[in-house]
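Each of the next two complexes has subunit A plus one other chain: subunit B in the first, subunit C in the second.
Up next, the complex of A and B:
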């Protein structure tokens, strides 16, 4: 116990489980509400837009869904890379890249959703 | 008639590694270790392997036998079929044939400080421990440090800094010991980037343990203890 160590993997491990739980909830509700419980004909673009623009909670739900998905995916890839004990420079580059990708994907996702919210039918 | 295909390699000669086939007589109750001794004494005196107690206590005869890491002295030839391949433990440098360099294995073990660290002055007579407190660590003290779990762990394969299932199983033994006073410092170290959170819960270690111990479960418990210590602000300084 003489070495100076970081507990970062404790935090990322915990957040991975937490985001996994949220995703399980998101996927369960998404698939059930939008596919299995949908009884009024085909699910087309108009139906999706109507649902998204009709309810405040669906908007919140999907705006949260995107960052949780992105975080879970990138953190999972990082956990795999960490198994190979990358060097300091490499891991810093990858982490920076993942932050950029993560923020970009979340922003693009949020923009797409807000466009749909306002699209109307 | 049992056939052993034994991994042969001598880094000093610079020759490629290969498998050598040996035919053994059929003897009822013969163990793989006895088979290796039969080869050494009657067929090929150059074969190198480790053993000591011949009764599953010292852990020195661990190797890959058939499809699993096992103790050669506790494995009956009759139980594993007529033709069996025998290889050294993985993830460690081969010294010769079935003998590997266990230094990294024991270096990781030493890192968890495998001894009691009392919180204050040690008592003048003995540490008192109730049967219930002792029972908590009964399970983990049975580990004989044979390295079967270490050889089977894929995380050890890719990350040489990972403490390994053996060290983490033993660590729980000290964390759970009522006489130990360094629980939070231990947890801080075990929760580090080369500790319990690197384990992917693959269960290989649990599957191969010749003593039927549960390193995967021990690592799981340590994860929960470390998380709890973190959230309650008790995770000790890890320097």
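Up next, the complex of A and C:
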């Protein structure tokens, strides 16, 4: 008897790849600018505000970066858990919890960023 | 406990079947979990910006010293392993190149080694006293 199979895990698998490829670009730039190219002194509020006000595109970049990161992280953990064939109740609880954590982290990230964007927003 | 069991099982499977695919699968998982932990810490440190300049400077100051400069090398190793390996499996899957995955793995390792050499050179001064003010 043919079983009706949900496409959800296929979609999330694909989205994991897609967000991963975006993150490869995002993280390469992020690490270059904030770790490698930082050559003296402490990184403080003024330094970060100055960097992020350098271009309008930094705002677009970071506001996209945060949700991509959060999605990739939680979806990745979910993929690991799903490998151990969790029960329906456990799956539902974890999914609900991850949605709450994901939305919360995205909101906190966006609030952090708007503070670091300075007066330019 | 579920977590340690998971790592134990992954280690056992890798031990039973020691090939590149299994070993990179295990490392991809370990680095992935590590990066999620880092993402939470990173969010904790940076979110102090919500309370303003002073709390941000205080919390950022606490994670900028020679010890954390060393931890950053480990972090960057995790990031670039996960990134290059992710790109490798994406290329293999999307372009039907699974049969060449070992070749891609060695290309990945060459790139990874090059990036880590650059990282250590760039992080080295930060691990010495005198780089950070007052340290």
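Some notes on this structure:
We adopt the following convention: the second predicted complex is superposed on the first by the 104 of 121 C-alpha atoms of A that agree within 3 Å, B and C clash if a C-alpha of one lies under 4 Å from a C-alpha of the other, contacts with A are read in each partner's own complex, and residues count from 1 in each chain.
In this section, a residue touches a chain if its C-beta (ideal position, glycine included) is under 8 Å from a C-beta of that chain, and two chains touch if they have at least 3 such contacts.
Only a predicted model underlies this, so the values are computations on that prediction, with no experimental measurement involved.
In the superposition on chain A, A:84 makes contact with both subunit B and subunit C. In the overlay built on the shared chain, the residue A:7 is in contact with subunit B alone; subunit C does not reach it. Comparing subunit B with subunit C, the partner in contact with more residues of subunit A is C.
When both complexes are overlaid on chain A, the residue A:108 reaches subunit C alone and has no touch with subunit B.
By the touch criterion defined above, A:56 lies against neither subunit B nor subunit C after alignment on the C-alpha atoms of chain A. Overlap of the subunit B and subunit C interfaces on subunit A: residues 84. Contact residues on subunit B toward subunit A in their complex (touch as defined above): 111-113, 155, 158-161, 185-186, 188-189, 191-195, 197-198, 200, 223, 226-227, 230, 235, 238-239. The touching residues of subunit C, when paired with subunit A in their complex, are 2, 6, 29, 32-33, 35-36, 39, 43, 46-47, 49-50, 52-53, 56-57, 60-61, 64, 72, 76, 79, 83, 86-87, 90, 93-94, 118-119, 122, 131-133.
Those residues of subunit A that touch subunit B in the shared complex are 1-10, 12-14, 82-85. Per the touch definition, subunit A reaches subunit C in the complex via residues 17, 20-21, 23-24, 27-28, 31, 35-36, 40-46, 48, 69-70, 73-74, 76-77, 80, 84, 105, 108-109, 111-112, 115-116.
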